[in-house]
Amino acid sequence: MFDVFALGPTGWGDEMLMGAVMTVLVSSSSLLLGITLGIVFAACKLSNFFILRAIAEVYTTIIRGIPELLVIYLLFFGGSSAVMYLAKIFGYMGYIELNAFTIGTIAVGAISGAYSTEVIRGAVNSVPKGQFEVGKTLGLSGYSLYGKIIFPQVARIALPGIGNVWQITLKDTALISVTGLVEIMRQSRIAAGSTHEPFIFYTAAIILYLLITRLSNIFFDSAEKKYSKGYVSKEAL
Amino acid sequence: MRLELMYESFFKIVEGIPLTLQVVSISTILGIFLAVAVALMRISGNRLMSLPAYYFVYLIRGTPLLLQLYFVYYGLSQFEAIRESILWPILKEPYWCGIITLTISTGAYSSEIIRGGILSVSKNYIEASGALGLSQIKTFLLITLPITVRQALPAYGNELILMVKASSLISIVTLMEITGIARTIISKTYAPVEIFLVAGSIYLVINFIIVMFVNLAERRLGIEKAT
Amino acid sequence: MISALSTVAFADGHWSTIKIGTEGAYEPWNFTDSDGNLVGAELDLARDLCARMNAECEFVQQDWDGIIPALVNGKYDVIMAGMSVTEERKKTISFSKAYMTEPARFFALNSSPLSTFSSAKNLNLDDDGDSTSGTISALNNAMKGMNVGVTVATIHEDFANKYLDSNLKVYPTQDEMNLDLAAGRIDAMLCDVGTAEAFMETAGGSDVVTFGPNVFGGLLGEGVGAGIRQGDADLKAMFDKAIADAAADGTISKISMQWFGKDLAP
């Protein structure tokens, strides 16, 4: 029964593992894009300009209100045309190809960005206002204020939330299998179809996702510990 | 943009709304029962109860819904034992496979919300209720439950929206709800962007209405918005 | 970002690299082997055609339901995915001449009453005589109210929509429809003969039998051809010539015998 997982040309074991590697790669790049978008749109939401707040609000409402599958399809089919349209404005007339990995990263990154926006905004809000004022009074600004005082606190508060966003992102990458990117989900569908053994391949896929989840939990837990040095946990109070 | 096509397909896609709402509401209701059971198991203090509940939630939260759906629909039906069992009339139907998968998913996620709600009920209330001579069951029904509902409602509103979005996946097992109809139209018109924009807007409106209802319920129950 | 950009066509119309879109889940036309490679009759044929055209071939995998939009969108230049040339599709894309032809047929489990259904050997939809309509109504009566599977956006779906009053189940891939036929979720499926025969040779498909006539002509199209964007007339001309050459020197027959065990050359 386990012959199907043989490594090498006769079995699907190595293909499934490569699928897992692809899942981790596309999840990580999506999360990075997501956090970047999250920082930008959180800044928009916290800004004094109505237009910026409105843009950020529309972005998070739309992404959180329509199914992830549709977001991915829309970017997959509309993404290249949109990029080419923009390129034409700048005078580039050729064809621009966005490969499955790029499209997948952009789509899942956009979803992940909407959730990150809320997490980061919440974290910034929870830094006491006095800290900004004290920092400014001490003559700090720019990197010294934000890089050394505010960011470490935001990072600490946001970390558990980002851990949740990672979990959402990891699972959403299963949907980009529709764009042809061979990650765990697509690989197990191909193998299940080819061998007519769906049970064993979907079980293998479940185990791979749980393994990635377990490993990333360990990573986020240790990161949380590192950033909360010097803080007393709530449970201990 | 082919606006006329979008206009025409709108009327076809709305025909999928009843199935979407039906699947979502049946799964949500069944999911609440599952969630309460799992939440009570987790806080039972008995490891034989709490551990299986913990692993169940871990399993469901750690894997993509799409994979769970494939597992239930194609994975289970592979076995003759299942195809000859009394469960087959149910598992045979894509409709019930969709509902089972969504119920299990929302059951796991909501059990965490409900557990959080129950744990937030102050021990003082429960002790006071005991001092007043109320039985355990009465304490649960009259004290714990109402406070839990109030605590859990905002998070539960989010869960409802996630359910509406998740239901779009059941189109993959041949069900013709909103996304399923949209895909059929695309296969004839080759206009994915236009058609998915229409379908996306319909989901947006449904979710907007849900948010309004949840807000209304929150106001009636006197819950302060925590923003 | 730069690595994601690439220019495909040269201005003089010479195609040095051609991107070919295929599904990879339609044995033996195009599928994925246990080493993760795309293989099948169309992959072999594509490599042969590209050699004849002095072009570099690159294969892109794409789910069937988006295979035409993605061609129009420019994700690849040619579709070779067991796609029949039909009037309906010609409204959106153009086709090379057909490189293989294969009729459609119905399939059921051997335990099903449908397995004993008898009819004429052929159903040619271009022939609008009484025998055609008689065969269609006999098929329709036999399957009335049953669950009949087809794959999405195929000529088979068009046929079922037009001629059958059955309860249609539309699948994203042939592989998944195969699984559901074997599991008994659908009573019959309509697809092309070659792909079903490949399934019947596996353990999972050992209980599957065929019934009814060979169905072809009419809305089932003019055989399987390469889908090409309407603007790329030069590419279509290149494919037409290469396909004609490959048919003339017996290459198509050879590839067909190897993968289908019979000659599907046009």
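So that you can tell them apart, the chains are marked A, B and C in the order they are listed, and the count of residues begins at 1 in each.
Convention: a contact is a pair of C-beta atoms (placed from the backbone, for glycine too) under 8 Å apart; a residue touches a chain by one contact, two chains touch by 3 or more.
The model shown is predicted, which means the values in this text are computed figures rather than measured ones.
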Graph class of chain-chain contacts, one of line, ring, star, complete, other: complete
Dominant interface by contact count, named by its two chains: A-B
Subunit A and subunit B, separation of their C-alpha mean positions in angstrom: 23
Rounded Å distance between subunit B and subunit C, as computed from the means of their C-alpha atoms: 38
Whole-Å gap separating subunit A and subunit C, where each centre is the average of the chain's CA atoms: 37
Shared-contact residues (touching 2 or more other chains) in subunit B: 74, 78, 192
Where subunit A touches two or more other chains, by residue: 73, 77, 81, 192, 196, 198
Subunit C: positions in contact with at least two other chains: 66, 69, 176, 179
Residues of subunit A defined as touching subunit B within the complex: 61-62, 64-71, 73-74, 77-78, 81, 167, 171-175, 177, 185, 188-189, 192, 196-199, 202-203, 205-206, 209-210, 213-214
Subunit A residues within the subunit C interface of the complex: 4, 8-12, 15, 18, 73, 76-77, 80-81, 94-99, 102, 178, 180, 182, 187, 190-196, 198
Subunit B partner contacts - residues on subunit C that touch it in the complex: 65-66, 68-69, 72, 92, 152-153, 157, 169-172, 176, 179-180, 183-185
Residues of subunit C defined as touching subunit A within the complex: 4-9, 24-25, 27, 31-36, 60-63, 66, 69-70, 73-75, 173, 175-176, 178-179, 182, 202-205
Complex interface listing, subunit B residues touching subunit C: 74, 77-78, 83, 92, 94, 172, 174, 183-184, 186-188, 190-192
